[in-house]
Amino acid sequence: MSTMRRAWRLTFTACALALLAACSETPKTTGAEAGMRLLTEPQYRQIIADVFGQQITIGGTFDPLVRTSGLLTVGASAARITPAGLEQLDRMARSIAAQVTSEENRDFLLPCAPADMRAPDDTCAAQFFGTTGRLLLRRSLAEDEVASLVRLANVATRELGSFHDGLASALAGLLVSPEFLFVIEQAEPDPKRDGALRLDGYSKASRLSFFLWGSAPDDELLRAAEAGELHKSSGLAKQVDRLLESPRLEEGLRLFFDDMLAFETIGRLEKDAIIFPAFSTAVALEAREQTLRTLMHMLLDEEADYRDVFTTRKTFISSALGRIYRIPVSRPDGGWMEYEFPEGDPRLGIATHVSFTALHSHAGRSSPTLRGKAIREILLCQRVPDPPGTIDFAAFNDPNSPAHTARDRLNVHSIEPACAGCHKLTDPVGLGMEHIDGAGQLRTNEDGYAIDASGSLDGFEFQDVAGIGPALRENVAAPACLVNRLYAYATARVPARNERKYLKYLEGEFADDGYRVPALLRRIALDEAMYAVKAPSTRTARVTDPVTGDPS
Amino acid sequence: MTVLLPRPVTRRSVLRGALGGATVGLSLPFLDLFLNENGTALAATGAPLPVRFGTWYWGLGHTPGHAIVPKTRTAAGIEFLTECQALKPHHDQLNFFGGFNMPLDGRSNYTHFSGWVASRTGTAPSTNSEIPAPTLDLLVADHLSNNNRFKTLDATACGIARENYSARSTNSRAAAEASPEKLYARVFGMEFADPNKADFKPDTRMMVRRSVLSAVNDDRKKLMQKVGASDRARLDEYFTSIRQLENQLETQLRKPEANQSCAIPAAPRRDGAEQNMPQGLEVDTVIANHRVMAQMMAMAVACNQTRVFNMVFSDNFSHMRRPGQTYTHHLLTHEETPDKDLGYQPVAFWFNCRTMEAFATFIDAFANIREGDGTLLDNTLIFAATETNYARVHSVDGVPVFSVGKAGGRIKTGMHVVGNGDPITRIGLTMMQIMGVPVDNWGTRSLQTSKTISEILV
Amino acid sequence: MKLSSGTPRVIHGFAACAAVVLLCLPATASAQQGTLGFVITLWNLGSHETRFVDECPEGLNVGYDEYWWRGLSKPDRATLTENGLKSRLQRYFNAIRRGPNGEDVCMNPTAVTDPPLLLVEGDKAIGMDLDGKDGVAAGRSCPHREFTGIDGTAGVDNQLYRLLGCVYGFRSYGQVEANENENRKSNGKGMTLIEITGVDDPRNDPDVTVNFYRSIDLYTLDGSGRFLPHGSYRIDMYNGKPRYGSSVRGKIENGVLTTIPGEVNLPFYGNYTYQNRLFRDLRLRMTISPNGDSAEGMAAGYLGVDDLMFYVGSIGPIQSTTISNCPSIHVAANQIADGHPDPKTGDCTTLSSAFVFKAVSAFIVHDKGMRTAGAGRGLLDRLKGVFK
């Protein structure tokens, strides 16, 4: 990515925006209460990698989160830690701590060495906890906090006979402490507005950092928070631009799309080995990587129009994917190559990627309904109602005219009133993708029977899967969906009612910006809405999802 | 370790709704010499052997008309049909509950979801992801004394860790151990204290860990003041989990009593290439993993690592499949045309039969461990249920439920209990009462009940 | 296809055409702008075997081991074989050196004179008519008995089969072939790529070019070890040109590719022996599956006696299971060779042969400047690591 060009572009955009901002009015929001959200698994991993390095391995299972407003990150704002979950986190913490203090790592991960390896060294311990604790707890530690960590390490060292083991014990405690595992936001009185609240500097830093980098604030961002710079628009802008220009933006945006595209189960995706022998877990993981690479390249490197992700022919292919897509791969021994699907190939855009078509299929066959539902819910942020409880398919299965293709199987769903309401949201979309089988491979027939792959999406008709991309591109819900998801991700909660106008405004600005994602990220990060906080209500708050009605 | 003398559990005391105090403080394993002549009680104190509670889950119900012969009145004797043939040898360990309904009071029947949520929590969910109350196993676990290493042990044979049918609330749901290796590592891994090993030294590292955790606790008050009301409940749950972990360490620091029933199982069988057992939803894989995990779970219970356990065979959408087939168990229940001569969906039926065979395997695992004068199963109570009666139509009325085990002699077995349309929560209520949970009514709205199923009480 | 009834007919027509075209998406899996590619997965001697070994009326041949111990006195036999307890493999190193001066008789097949090799006496064989009706008369080939093909073809020439068909090891159950295929499958040596270029219609094209390369990438297998189609394979290149790279012309009729006889050098690996196999007058007949994912066929042509004997001789200790004997094969091979007479001596120097093979579709990657993977390169890399 060309940092110089991007920086120039951002500056230009910033100036333009500043002028526009002076003219246009950003709708005001009152936000929501300061929240407390659990670190998600990707965030946890990212933080450990950022603080201690990629060489630290993390095993173990995290408690599952409930996808809310389309994002696990939002579900994390209501998540709790079960005893079994904490047991796992404790095991992870001890393993991480042991690795950090291991012989191979201690020389460069610890800022100092003890005078005697078998005895406590409070000075060294204090140095370590001062710096590391700050990065892990996302705030500076008070003297007494450092002191108590040092004391803990001291006692542990004496029990265990090793400075490093003692240090590791205390570090493990830090890694299961609630202030590490939970991002606990704090509000303070806003000196600029009487009676109102604002998020404190550390909370702003966390929100910003988790939004753009998917990780805890780095040392510089914490310093800016401590200096009060994040409360000033120039100070905030400086940090926002720094985060946007960093290569870590890509990691952060990957985490976002991983969440939005629901890739967390893709590593477990299994396909029938006889029907789809070319599919394997490696293929599934590479499929995810293909889509993320494509998105990062288009949205960050090329700063393309977001809607083009649905119609682009350009992507990246690995050798395992080459076998699924039936594409020659010039690096069959591994690695990625850029590839452009030729004219006439019906595969355009991320909705035709294996990461989408195979993920939303069954193990042994495709699924127009699952795909249609995924397009609606994931890419367009529309809700497909649940199937009705009592429905008997007996009336539909005619043993004398067996259904050969998916279209035949689903036909009755589009006729029967109880089914049609929802199925007409999903099936016409998904049926248009039937030229792609359950493993993401192109096909011309289903078991020898011709496939009629005509479909439609909100009035946009198409003859086959080549049409799904353009249909998505023209659908106004698609960019609006990204805006909504990004904002929910940034605030880690379901958007509040008072934010709806702001979101509409953002959607308009996104369009004016040519649907460029870095510009949108910058807008969200600089606008007041993202940091707006209100006082807790006097009655016991019971936060519910305005869309699903789910309670917290 | 305290041992409380229990009040005798009589039908009278149940009817009076006063079952509290039947806590069995003894949760550590014991030697034969503690048994009286009948092998059924501790010699000195007269307290019975610890009773364990567990749940077993299977997806997609039964094939009506081919599973259990329906009855009109509660009576002894369960008649198994073809689908449940495998359960015949276990007749005397089972009770079957048929004809209990699940009134949803106008809330949607969220397919494959409402069924298990309502029957395990007592409340019908109002969204497709809501778990409105703790599942009954957690209520039992909360009540039983905390002297075991794990509060509950949850595992699943189909590899989907998040499909754990034990949860405290929507957002408080642990991942189940999803493979034999994971279950083994958790229970019998490095931290397992072998009760039959001669030498025992409290591990210094565990003592250090205990200090570390108690330091974490120190922040509690300060932190509680920092957060809003709803978040306080979440923080509270976190600190409860910390306490559970401290408890676990306490258990590990005590010398376990010798336990004849406890024998460390072999690590899960690995292929020659040092690979883990295959994972996935192919039905043979699920069956194989389930067999191994059932044995491990039973031994974990026999070794008193936990008193409450949850095992899932197939998930609520049962994605089980056969190699080379485009259908999954679930798709079959909807798309397979019933055979006009047989009167049912043959391949879906096949899957259901395999499921019941697996159920029998699970029962075997507990029945094969000797404990005292009988078996582990004699001292266990298992709530075995599914989420639907007939998967094809997602019906939640008449959802089949079994109880397994003699609960330490507290229940009769071999009964076919007929619900006559009563709410299914009667079953959960009764089981909780048998386990000593001081509850005299359970559930909300039309699922609320206080009617114990006294026919199965001893 | 849903089009509203008001749409003009012409558009219906175009739409119908478009639908047909789209439904007929290129089914040939590894088509790259008029190119088809395949990688050979199984390669076996075209050996026609009957259940009761009718083609070898005098039974199968004796191997080197028996010739060895038969030539020993009984006491020597007892000592050297430990009364028969030493396995054939264990006594191989003695047995193979049964030349009068201790020569290894596979390296020096003329060091001993053994009874003649039992040849195939049957009438039927797998193969093609390589020398035409008047091959002998025209001096193209040496006199030899021809077979009738199992598909009915008259005048089939397959002297290699005649030679090896009654040698246990070279029959289908005899390990040589099975080992070869297993070796190649796992170590990726001796992998042949078949590239068909100039293809306008993958099912019917009167004029195509067929190129043969060696792959430097291993096979891709699925979870059960089956070969997967549509993989990409890089060509072994040397100094910017493909190593191998023989080319012949051919045609495709109803999905069957046949080629005009030509000289083709193929990479060969089997039983730890690496060899260039130069086939003269090679003809290919390959049937491509309707969806283009796989192919199978026959390659028939003349294989040099020297090339063959190099391989037979290199099998080494595996001969303890193949029950073969190099000297007899050597003599017989030279005697029954039927192709490419030496201009000076008039003796034929090649054996007609037929091999049956299976293949899966492949993308053949031409990557100019690719260096060959191999010991040489590895050494270079290791040196680079040392002298950083």
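To keep things simple, chains are lettered A, B and C as they appear, and every chain counts its residues starting from 1.
The working rule: contacts are C-beta pairs under 8 Å (C-beta built on N, C-alpha and C of every residue); 3 or more make two chains touch, one makes a residue touch a chain.
These numbers come from a predicted model, not from an experiment.
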| item | value |
| --- | --- |
| Graph class of chain-chain contacts, one of line, ring, star, complete, other | line |
| By mean Cα position, the chain sitting nearest the middle | A |
| Rounded Å distance between chain B and chain C, as computed from the means of their C-alpha atoms | 61 |
| Inter-centroid spacing, chain C versus chain A (mean Cα positions, whole Å) | 53 |
| Chain A and chain B: spacing of chain centres that average the CA atoms, whole Å | 34 |
| Of all residues in chain A, the ones touching two or more other chains | 273 |
| Residues of chain B whose C-beta touches two or more other chains | none |
| Chain A partner contacts - residues on chain B that touch it in the complex | 108-111, 114, 126-130, 150-152, 154, 159-162, 164, 168-175, 177-178, 182, 204-205, 207-209, 211-213, 215-216, 218-219, 223, 226-231, 234-235, 237-242, 244-245, 248, 280-281, 319, 321, 323-328, 331, 334-338, 340, 392-396 |
| Parts of chain A lying in touch with chain C, wherever the complex brings them together | 273, 277-278, 280, 319-320, 322-324, 326-330, 332-333, 346, 435, 442, 444-445, 450-454, 461, 463-464, 466 |
| Contact set on chain C toward chain A in their complex | 1-2, 15, 18-19, 22-25, 27, 29-30, 32, 217, 220, 222-224, 226, 228-234, 363-365, 367 |
| Residues of chain A touching chain B in the complex | 33-36, 61-66, 75, 78-88, 90, 94, 148, 152, 155-156, 159-160, 166, 169-170, 172-173, 176-179, 181-182, 184, 186, 268, 270, 272-275, 362-365, 386-394, 397-399, 403, 409, 438, 536, 540-543, 548-552 |
